[in-house]
Amino acid sequence: MNYTLHFGAVWASFDHLLGGLAIGLGLAVAAVAIGTLIGLLSAFASVSHSRLLRAISGTYVLLIRNIPLLVLVLLVYFALPATGIRLDKYESFIGSLALYAGAYLTEVFRAGLLSVPKGIVEAGRAIGLTRLQTNLYVVAPVMLRNSLPSLGNTFIGMFKDSSIAAAIAIPELTFEARKINVDTFRVVETWSVASGLYIAACFTIAALLRMLERRFPKF
Amino acid sequence: MDAFLAQLWIARWPIFDGFLMTIGISVGAIVFGTILGCIVGIQLVFGSFLVKLPFRLYVDIMRGTPLLVLILAAFYVPAVLGLSLSAPQAGTLALGLFAGAHIGELVRGSLQAIPPGQIEAGRAIGLRFPQILANVLLPQALRTALPPWINTGVELIKGSSLLSMIGVGELLLKTQEVIGRNFMTIQFYVFAGILYLVVNIALDLLGKSLERRLGARL
Amino acid sequence: MILDETARPLLDIRALRKNFGAVEILKGVDLAVRPKEVVSIIGSSGSGKTTLLRCVNLLEEFQGGDIILDGETIGYKTAGGKRVRLRDAELSRQRAMTGMVFQSFNLFPHLTAAGNVMLGLRKVKKMGKDEAFAIAEKWLSRVGLGARLNHYPSQLSGGQQQRVAIARALAMNPKLVLLDEVTSALDPELVQEVLTTIKGIADDGATLLIVTHEMRFAREVSDRIVFMEQGRIAEEGTPEVIFGEGRSQRLNEFLKSSRH
């Protein structure tokens, strides 16, 4: 057990790690943005009167939540070209992660929808809002505010899952760390710095989210 | 379809081996993680400040780091420290440490949800603290922690697929090897996906039925 | 209040039938409310009072009879000899003609007091922001909350919330206002401020259909009292008749049991 720490080699490539971190954040932002749209549609479908829509939403969530993200990523990346759809690796990964996030967000928003008191929906209808207007101006804002903490947690989860993009050679943080690890063999330093960066980013995001939550009135 | 079935027949043993490896490693990790998690959870609730600190640190590091990073670190780091672990061992270690942190938080949460009167009641009948823990607190805590514990199991099975990236011959790696031979990319990825799906849904259903049964008793 | 006895009723409910599943809750209700009239519905729990109001506001479907509001049959039309529910947009338009105040206030939690009043004005009446705000300010002042325009519901007491809800209903300039036990969820010391507000609105000439357990208030504010029993209107008359000495045996029993 004779290992002396030398961070020099890792610091020399620190900008690569930071660049990787930025890519990871970008992937997560894009995926959660698309995933939020998917999640909203799917959540409204899951509480709709249509049995078909409910079944579609339920099946989607069941499938995605029980399959490893890596399998989904590889399937989309390697199998989609066979069907004639050409995506670059970024588009492909964002698509996969968005599908993944969408399933988790379906449950987040569904819980949010069920937490909206029936009374305020009726109050909206009573002043003459249409069903769509009620959903838009009453249900959605209340549901989104109630879902904010879970939405934030999902974002942090997706940011961590962006590490899986390394599997298709997207140069995000984990990919860069592995490269430095193999190039320099400063194993302990590389992984502690990489892990430290992830942790710092997660804590920063969490702190920002708490600030955001405080800025909006609580119901 | 026939072509696929023919190839599946040829590849049945590697895929079966991979499947067993996936299950074996997940079981190993959940056992390790549960023991670790119980210790962590108990210390996080009842430990002194100085004891809590390292456990809190451990939990936060595990929860702030992507599982893949933990796996790669567990694969590369022990060797330079003079510890030789095989890839499956390193993988089980990473998954187990990951699970330990999550289960630790579960145990902490459910221990804290138990009304303090329970400890006092235990004292009143003359039990010492370890006895209270073993006979009063843990049985209650484990019950509320059960559904999320099952969910951790599902996460581990899914997470074990990442071990393909350090060369552990689990289901995904075996599937990739098979695809390398017959190029039936979609079919075999989908097949692997279905296997994961079946196991995880079965686990999920098991969890729900246990939950119902416990719910009836509480 | 002087009422024109010959005026066409503003609200005309004819043989209204409503069931939940196999259970018939309203068993043929006939009730007319004239413009500017204040009618209170009393009756024991489960007699169908809330259900009746909800049918009038089209929050419930009903299986038989007609509800005619200001000459327009609402909720349903006959097409090819069949009775069909109107489309959502139509229902919304008709709902906007009645205001409803709920027992549990049901304010929009993400909007301020002014925002609660303005939403319907902006989205249903398509008013501009300034015009809507002016109306909101007017009505919130009217219910004594001119200083609370920018408060969120969570920052208001129950009585204040209910007054915002009253302002929200009235700002839409409805032909008819429905009030369902609007003081039942309030602490006793907050009841009076809400009742006083309603009394003021009644005196201003609004047409009100009120469900209440506050007998004294009903007697004071109403032109007419309707007593419901098991999904039917059992008796109706002026407060003097309903609460007077010559009242019937069953009404007597109800009033005795409802006195706290």
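Lettered A, B and C in written order, each chain numbered from 1.
Just so it is clear, contacts are C-beta pairs under 8 Å (C-beta built on N, C-alpha and C of every residue); 3 or more make two chains touch, one makes a residue touch a chain.
Just so you know, these numbers come straight off a predicted model, no measurement behind them.
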item	value
Steps needed, at minimum, to go from chain A to chain C via contacts	1
Chain closest to the middle, measuring from C-alpha centroids that were averaged per chain	A
Greatest separation from chain A - chain, by CA centre	C
By count of C-beta pairs in contact, the leading pair of chains	A-B
Centre-of-Cα separation between chain C and chain A, whole angstrom	46
Centre distance in Å when chain B and chain C are each reduced to the mean of their C-alpha atoms	57
Rounded Å distance, chain A centre to chain B centre (Cα mean)	21
Partner chain B, residues of chain A touching it in the complex	1-3, 62-63, 65-72, 74-75, 78-79, 82, 160-164, 166-167, 174, 177-178, 181, 185, 187-188, 191, 194-195, 198-199, 202-203
Chain A partner contacts - residues on chain C that touch it in the complex	57, 59, 88-89, 92-93, 95-96, 98-100, 102, 104-110, 119-120, 123-124, 152, 154, 165, 168-169, 172
Partner chain C, residues of chain A touching it in the complex	117, 119-120, 122-131, 133, 137-138, 141-142, 145, 217-219
Residues of chain B touching chain A in the complex	60-61, 63-70, 72-73, 76-77, 79-82, 154, 157-162, 164-165, 172, 176, 185-186, 189-190, 192-193, 196-197, 200-201, 204
